[in-house]
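Before anything else, here is the set of structures, which you'll find just below.
Same chain, two partners: chain A is paired with chain B first, then with chain C.
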Partner chain A sequence: MKLKKYGLLLGLALCASLALGACGKKNAQASQGKIKLSINYYNGAISKEAMANTKEHFSKYQLQFKQVPSNEDFDTKLKASFGSKAAPDITAINNNIEDYLPYKTKFVNLTKYGTKKLAKDYVTWKWDSTYADPDYQIAMPIDIGPKALMFNVANFEKAGLPTDPKQVSELIKTEDDYLKAAAQMKEKANLPMFLSAVALFEDREQKMTKGIFKNGELSLGEGQLKEAWDFAVKAYQSGYTLDVKLGGADNANAQQKGLYSAMNKASWAIADLEENGTKPGTWLIAKAPGQPSNTGGSYLAVLKTTAHPQEAAEVVRYLTNEKNQRANFKELSLFPTHKAVYDDAFMKTTNKLFGDEQYNPYFVDAANAMKYTESDPRSGTVQRIFEDQMQLIQDQNKNPDQAWADAVKKAKTID
Partner chain B sequence: MEVSDHGTGLQTAPKHQRHRFRFDLEKVTPYLAIAPFYLLFLVFGLFPILFSGYLALSKWDGIGQIQFTGWTNLQRLAQDTDFWLSLKNTVLIWALGTFPMLFLALVLAFMLSLKMFKHKETLKALLFLPNITSVVAITILFGLIFSNLDGLANGVLHLFGLRSINWLTSPNWVRVVIASVNVWQYTGYNMIIYLTGIARISKDYSEAAQMDGANNRQIFWKITVPQLKPIILFTVMMSTIGGLQVFSEAQVLVPSGATPQGGAMTIVYYLYNTAFTNHQFGYGSTIAWGLVALIVLFSAVNWYVTTKRIQGVN
Partner chain C sequence: MTRIMHGSIRLLVGLAVLLSLFPFYWMLVMASKKNSEIYRTPPSLWVGDQLWHNIQAVIAQTSFFHALFNTLFIAVTSTLLVLFFDSLAGFAFAKLHFRGQAFLFAFLLGTMMIPGQLNIIPSFYLMDKLGWVGSYKALIIPGMANAFGIFWIKQYCTDSIPDSLLEAAKLDGCSTFRIYWSVALPIMRPALAFLALFSFMGSWNDYMWPLIILNDEAKYTLMLALTQLKGIYSVNYPLVITGTLLATLPLLVLFIFFSKQLISGITDGAVKE
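The block that comes next holds the complex of A and B.
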């Protein structure tokens, strides 16, 4: 019954949309005859102002921006559209660009359209991540997510730790310093330093400078993944973690009430803090300890199926230029990849959440210090296996050695 | 079935044999009328089913070449402890949800059929309401109620001086929470089915019982339940098929870090993660066919039990 009803509804909707779609197409073509380019993006990837700028700049083209949901289906739909007429001319790609590098032929090689000379303008490691091989660039970077240390002021004060961001940056420089501060937090304030074992592990994974795979073979970052694992396990076993799940109501609650004390977060987490109803001045930002790291950041690519590669490449170049990255930062807090944006005004950015603190230098430091790590399309899957085992340690107190062994065993089956 | 019989019947009629290629609007119209469903079924139903059958024996990341790997995926499935643990979770969630739910639905339906209740239509509508609300919205709400830190459920426990429970991270409790979403959503639906069943039971039985001095509890156990047996078995069968496919509740309650050992990983959730998060569409399809085999198995058992039992009752 249910199936039939939905089938009928779907049928009606489809017929209606086909009919409407056909009409729309005819009218648009008849009335204008301009070059038409469609751009698929997900919510929060491109600002409204950047879109308006681009439409104005390319008034000779007809640009169609289409917002699509940013869940896992985004990749599935994009992959399904390859080679079909339904494919957009330009698409946003999330930070999983490594999934697409092996399929460079599905994308227009942007180096053919003069992007090589732009390399110096962009953050190097992010720029490098767009190359399938030294002469084949599949995308241009929009934004990045460099990370800094966000700390809870009241908790730090209670533990006798400094609360001035500069002093915090001085005190907590290495991972060991981070653990020492956590020990002090537990001892003097009886509060956990970190959200959870899993969150800590994921943070450390992002600091790895070597890939999960080396020359196509599982290498687990040549010991770096185990270091990250041991670090998280140690913090967990020492009682430095609150052990609440990343994301979701409990996490928001914990941030708001300061139930834990520090987190390495990307610049866009500022928006999360705001959304979670954190009061101004409760959290401040310092330099992240240890290796510089990044999480997130989108790209724009031109699909091979486009009829107008030259024009589409022009639009991608324009959408990722300095002017539009400034607009993205202003409207969506997207951290720019265009280095010209990192000027004095940018460095002096403040947010009422952090009083008069000028926090951007910490993020810029991380952005500039990052190095490109080659990534394999299977890396994400393998990392999730380890994260799931860490979750079992966190939730069920699973034996860490057993958990590690189980994860390694499962990781070896991924091909 | 009906349609195809009709079609062949017309074709063999001698009157039409001479004009084999004549366009007969009357003959074509019914087919046109049903065409949308079949076209859509072909594209969105049959094709994906056949394609996933092919994928189940292949390796595919969604973009590149599909490599035919034969039985490799099936062997992997048989040895995949995660799959079997996910099955265990699914069956446990199903059992935790279905039996209390059906019993509750039965009791509610029986009570609504009694004369002493007024405003029956309103009550029916109210109890059915959860069934037409969005499962994702309900689950988000349940997630807030059962959140580990400050959820309503833990608040109530505190009120009675009890210790709080890690509802969403303890394997046993998370299954209970997932099952409770199902109970909340489908009790009203099953109650309506039972109500129609109760309406069909002849009043003579209960009236005769009342004359003999039976109370409502005795009528419920001795008359309503035995008379409703076929319908109860039908609802058990339907909720088995539905229960084996439980996904949204688990995925929304535990969006990250769901593991087979953690209790929240159901078969469909495992399938979804394999295919759409890890982009292993081949093995994902194998899991899907594993699920099909399980549903066929469960249905066969159900069918065997129902046919035998119904014969026994009648």
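The block that comes next holds the complex of A and C.
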């Protein structure tokens, strides 16, 4: 009796497995006829409206948008599928495009499909970042994350600093101005200006105009990383930092309650403030001090394994055009890379969080002023070494000189 | 004196139970809040009023029931196959004597020393060559006999199944498979119950392999579907926690069910020599 019971269960399992295999074949047969293109993307990379526009525009193709888990998981899946029959035709790439540039042969060269003439339409630095070499473009840009200075109105008022965004932009133009304002904040309001030494260091790292590596050798931005380091250490030692971790509940609570006073943030941080329940009028936006910088922004690329490179390139061009970037901005607040979107209506965008302030010009300024810095795929690893040491200064009061020396020693081991 | 001791032990056990239950309670609290409430300091310790709303949002955004069915199918099928093949191989290693047995067992144990991550890319290429990428076959078949399960069953068989019983069955005219199926397998029940639980949980919680293998959202497992709640720039934590809570419930039910099985299995009439 028991023999029959176990046998039945096992039989059922095997039958189901076989049935599944058969299902796959049936679906494949049903899709024959039209050119089929699959597009892998992650939550928040492409709006539903842009997808619908594209499906409608290319009704002669069968487009399959597939949402894949984001960030490292997306990269793992993409890298594993290189060269596989199961790879998508088109894929999104996050802002870590430097990881993919050395593997340009895995991607279709989009310049072969007439993309060079589109260069003037897109934000220059982002466009430049898509080239593995002067004649090989592996992707087209979707969005960027230009940064502006968000300041806490009540804290600035308490410290006797201006609260009008234009005046703040005028007063805090350079990194030195930023530190002077922080000193005034501490002296007059007894409040920290910055979230933490680590956050400040990371912000300054993004402003570097020279790479961590030069011609393949560790160069630490030819002194710029040390400048960023010294800036963060000075702010920390002078008591200008709250020293709460970036991201997470404590940071959100500090933003709500104004426990610190200023932050250089990408445009999408507006959504963070909305999500974490910050009251309207708590923060306003001004021009970021010092060098312009950016956090985030995705791309779309065509994989070499596709059977239809011409058609896939057409789809990528359409998905990143003005119409679809407008849709992405409206639905997901993705900051456009297509300059035609920066029209009058865009510049006059307001948000109830900031009253009637028209803040987009500050982000657009940063987007246009940025210059592309060639990045080595090892840069992120080296930067994390220095950020970890900064964390030790912040959390365990480690001697900054020792921390720098330890970080340099470890960075030299990265090949 | 003994009454005081009994009371203290009960109190301690009660406290341990409360401590163990707290993470589940906290999950419920977080799942019943709005995103803005999650960030409040000090946090509220009481259950909020958004649970139903969050459950509806998770179901709407992730094809939850579809993913639940997919995961159940994969986990149940994998578990049944693991139980069959591992018990068969474990029994053979414990009770049959054949040439190269020691070498094969050592080789099998050796495979346990290789970190799973090292296997991912070669396994993917193998699945790609077989044309199994995107199919459940790639999730079920490679894992249907695993070294740990075979080792576990082998150890159990060696300790718990007396050779005399197998010899008696042989004298009665049983074939080797019949001895395995009708004599050894029922005795293995406690070990199989543990292996079933272990295997089911492993399959239920597996993330990396399904991530790489599955390409069609309609085939996503629960773990993959839940990560869709995470955007690149922002995370709605109450939705993620609600999803996690919903995904944990079937495992909890299973654990409660299997814990009874485990205890009854252990106390079932074992044969003594």
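Criterion: the second predicted complex is superposed on the first by the 384 of 415 C-alpha atoms of A that agree within 3 Å, B and C clash if a C-alpha of one lies under 4 Å from a C-alpha of the other, contacts with A are read in each partner's own complex, and residues count from 1 in each chain.
What we mean here is this: a contact is a pair of C-beta atoms (placed from the backbone, for glycine too) under 8 Å apart; a residue touches a chain by one contact, two chains touch by 3 or more.
Treat the numbers as computed from the prediction; the structure is a model and nothing was measured.
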item	value
Touching partner for A:Asp250 - first (chain B), second (chain C), both, neither	both
Contacts of A:Asn94 with chain B and chain C, given as first, second, both or neither	second
First (chain B), second (chain C), both or neither touched by A:Ala345	neither
First, second, both or neither for A:Gln391, with chain B first and chain C second	first
Chain B versus chain C as contact partner of A:Val198, first or second or both or neither	first
Partner chain(s) touched by A:Thr413 [first = chain B, second = chain C, both, neither]	first
Partner chain(s) touched by A:Lys77 [first = chain B, second = chain C, both, neither]	second
First, second, both or neither for A:Pro69, with chain B first and chain C second	second
First, second, both or neither for A:Asp272, with chain B first and chain C second	second
Footprint overlap on chain A, comparing chain B with chain C	10, 73, 76, 80, 249-250, 253
In the complex with chain A, residue positions of chain C that touch it	34-41, 43, 73, 76-77, 80-81, 84, 120-121, 124-125, 128, 131, 133-137, 140-141, 181-182, 185-186, 208, 211-212, 215-217, 224, 227-234, 236
Residues of chain A touching chain C in the complex	2-3, 6, 9-10, 13, 16-17, 20-21, 24, 38, 42-45, 66-71, 73, 76-77, 80-81, 84-86, 88, 94, 249-250, 252-253, 256, 268, 271-272, 275-277, 296, 298
In the complex, chain A residues that touch chain B	4, 7-8, 10-12, 14-15, 72-73, 75-76, 79-80, 82, 99-100, 102-103, 106, 198, 244-250, 253-254, 259, 377, 380-381, 384, 387-389, 391-392, 394-396, 398, 410, 413-415
In the complex with chain A, residue positions of chain B that touch it	36-37, 39-41, 44, 59, 61-64, 76, 82, 143-144, 147-151, 166, 168-171, 255-257, 259, 261-262, 276-280
